[in-house]
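Note that chain A is present in both complexes that follow, paired respectively with chain B and with chain C.
Moving on to the complex of A and B:
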């Protein structure tokens, strides 16, 4: 305990909330409030309405939501498979080689997402691999961007794993593939689902690389939000942002339920 | 040994090979470097990134300090909330700030309500200050996470000893807590610096014609002007800048973890 007198502690906590609430809580509250409003010229928004949500339910915003969900699902599943595979394979490599492999897989984090988009545009704009203007190139970009996070969390989980389990399984005659499927992956399941949730959330909100690549018929929700607010429809954009946040939160919550169920097993 | 080849091949085809193509296609550096728009963007990027990092470090340090050492009921769920915060895209912050400080927003609305004037005084969102505020808000949690981990390692006995010897809270923070937190501050700070250098969504949503950074310049050149070669030049500069700083970050993290292991072993 750093501050002993009760009065001083109260004062410190008051300062904390004075900093914390405007900075972290207010953004979500104002977006939520604005999504139900038509104007904000006073201290509080005015013109209470649900028309923005009705518009979403009818218009092509719903398509944008499904586009985002499908992209995020595909990207996070591929990223999870590639990242887990790489982490498992790298574990057996000599220390020095493993360092290089880990660094290579983490590299996309350091490279600006816009550059990842640009590089795909440059690489796949001509035959034999003509992907520019397809939906696949968006999924590829998202996968490249989130694989690093999948790889990182699986690698971290592997170092925490007790080697006694696989050793005893192997000493009882289990083949490596059996050990992998029946011992290692089940033990890794909590981290795998957590990684999947993170990848999904990041892909749902990805804007930078998507802005470089999206074809007209594959327009994810963040791009739609940008288009809406850019033409001045701020309140409709706020409603779309709420939809994005709720969809992301729902998936994260669902994934964390899988995690707790798995950990009881 | 061979098992690592398939994922590496995927990475090489979708990331490493395209990146080398960007480097190869970048041409006419001198011409791009002479453009005022490029120099403006470079200057903006660096200044905003450094400013946002400093702000995030300061704010993150104060907030983490309170959560760790002046705990209150619910402090734990707050750190949970911070994790969720990071799962949301950055441009939401800019969107929210539009409703707080924008011309149609809470702060200006409050002002006009109270004073009766037609317009409010807050008009900084479309300047570099708006980008700075959004980046500080969004990236502060990245500083708080390693700090909270570092703070949980601080021996309470040390603090008690310092306090019983007559040190007041500010001095304990300066002489006991801060030295322990320095590696975490360095690690979190350099990560935030890299993220700020690469930030695109916040700057794009700010919609400021006057605020161009390297990522938005790349987007403008490639998509709006169709100038891939120029975009590649800016991309190479941006990558070099962030990669250098990211290397620094990994180095610092390695030192932090090594230091932690040494302390645990001692």
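Moving on to the complex of A and C:
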């Protein structure tokens, strides 16, 4: 511990909260307040109302929410499957090849997501792979963007996994596939769910690549929020943002419950 | 399933230019406990892993139960293995851990429960069947690991430093239990890797002493203890006074210009000329002037005195650069440092163990 005396620790904690609250927590409270307002010209919002939420409940915003949820779910499941597979397969590769694979997976994160969106658009605008204007291209873009995180966290978990588990299982007569399903994946489950949560959250909030790609019949919620606020309907946009936030947090909470039940150590 | 017996047939393991196991030839008979004893880096664990199938020999063959398994993957070898860190599956309860190998080998469903119960019974862990590994102590976890390995009824049981993670008291208890297991399973060959000579002496039918990737010596504990084949074996199996000298007669070694000792009469240990190392076990050295004749007597000043509860270890400088330690029963009046004393030992107990530095 860096600071030992009690008053010093209190002081450090106070400084932390003074810095932390305005930057991390307050903006969310402001959005929440704005979503119930019609006007905000003074220190506090005024014209308390729930009309924004009523509009959401009736309009096509719910479709946008469903679109986002489906996209994020599909993207994170595919990313998790691909990332885990790649991480498991890379274990047997020579160190140098493994580095190249790692770098390839990190590429979409290193490159700005607008560029990822644009390159997918350009790449799949001509036959035989004409995906431009389809729902799939949005899911593909999200998958490409989040797979890096799934791959990275599974790789990290694998390096921490004691090879003695795998070897003991093998010595007991378990074939590699049996070891994978009965030993490795169960032991990796906490990391897998953590990775799934991270992928899901990132996909739920993805805007820039989506903007380049979304077809009219597949409009995710972040794009809707951007469009709404861009039109000047700031408070309606705030209400949509709250919906996005709550939906994402609810799913993450569900995933984290799986995680606590699956952690053994 | 393959039955007992392991044979190493010129097994060499090398990583690039580094040879970690150098053409090992060794046979473990059915029902025999063979200890691989050596310091870390001696190649003993590599030898065990070659039997398990986790390292592939660069040259040579490994046979289990008379069958060449060199090219077989670990899961087809019909072995049981217990490792130092237990490696119990943390997500499975004790009974599921023990049943793991049976399920993986697709044992008949009706048979599994009975064999799990039997293995738990054998290791005294029946009461803990529904616990998770994290809820058990180290010694209990190691028992479960042994039960897990025994449940598949292997012909060969590999034990890789199974007791090193336990404290001294538990270790001696587990040693007794392992010896009992060995009596209960007369068909199972055990390969027991350890760096602890007392474990090897207690448990093994034979000990293979390894050093620097090579097999140095192999024999029953008594043979290795009474007549070690090399200075390394002498110092690694039990403690030893190693005196270097020159042969000057068939049974006489000159340790220093004015100090000659008579050694054990000629066994088949090569020509008796040139340099030689002689091993004398400290507990076979007596303190004081000898009662009878025909004993070696060395005299000098006491340079070290250790009290060990039931015994005293007295170190005496008998010549320039040459010390002899005697381990004697606790002394009522131990000699003081610097006091001149005599030590004596039988010629029979001074064993030539080869050329120094070899």
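In the analysis below, the second predicted complex is superposed on the first by the 245 of 265 C-alpha atoms of A that agree within 3 Å, B and C clash if a C-alpha of one lies under 4 Å from a C-alpha of the other, contacts with A are read in each partner's own complex, and residues count from 1 in each chain.
Assume a contact is a pair of C-beta atoms (placed from the backbone, for glycine too) under 8 Å apart; a residue touches a chain by one contact, two chains touch by 3 or more.
Computed from a predicted model, the values in this text were never measured in an experiment.
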item	value
Chain B versus chain C as contact partner of A:252, first or second or both or neither	first
Which of chain B and chain C A:238 touches, first, second, both or neither	first
Contacts of A:101 with chain B and chain C, given as first, second, both or neither	first
Residues of chain A touched, compared between chain B and chain C (which is higher)	B
Chain B versus chain C as contact partner of A:113, first or second or both or neither	first
First, second, both or neither for A:165, with chain B first and chain C second	second
First, second, both or neither for A:48, with chain B first and chain C second	neither
Touching both chain B and chain C, residues of chain A	none
Chain A residues touching chain B - in the complex, by the definition given at the top	1-4, 8-9, 12-13, 15-16, 19-20, 23-24, 26-28, 30-31, 33-34, 39-45, 82-83, 85-86, 88-90, 92-93, 101, 103-105, 107-116, 118-124, 140, 143-144, 147, 198, 201-202, 204-208, 211-212, 222, 225-226, 229-230, 234, 237-238, 241, 244-245, 248-249, 252
Interfacial residue positions of chain C with respect to chain A in the complex	52-54, 73-81, 83, 85, 87, 89-91, 100-101, 104-105, 132, 134, 145, 148-149, 152, 158
Chain B residues touching chain A - in the complex, by the definition given at the top	1, 3-4, 6-8, 10-11, 14-19, 21-22, 25, 59, 62-63, 65-67, 69-70, 72, 78, 81-82, 84-85, 87-93, 95-100, 102, 104-106, 109-110, 112-113, 136-137, 140, 159, 163, 169, 172-173, 194, 197-198, 200-201, 204-205, 207, 214-216, 218-219, 222-223, 228, 231-232, 235, 238-239, 242-243, 246, 250
Chain C-touching residues of chain A, taken from the complex the two chains share	162, 164-165, 167-176, 178, 182-183, 186-187, 262, 264-265
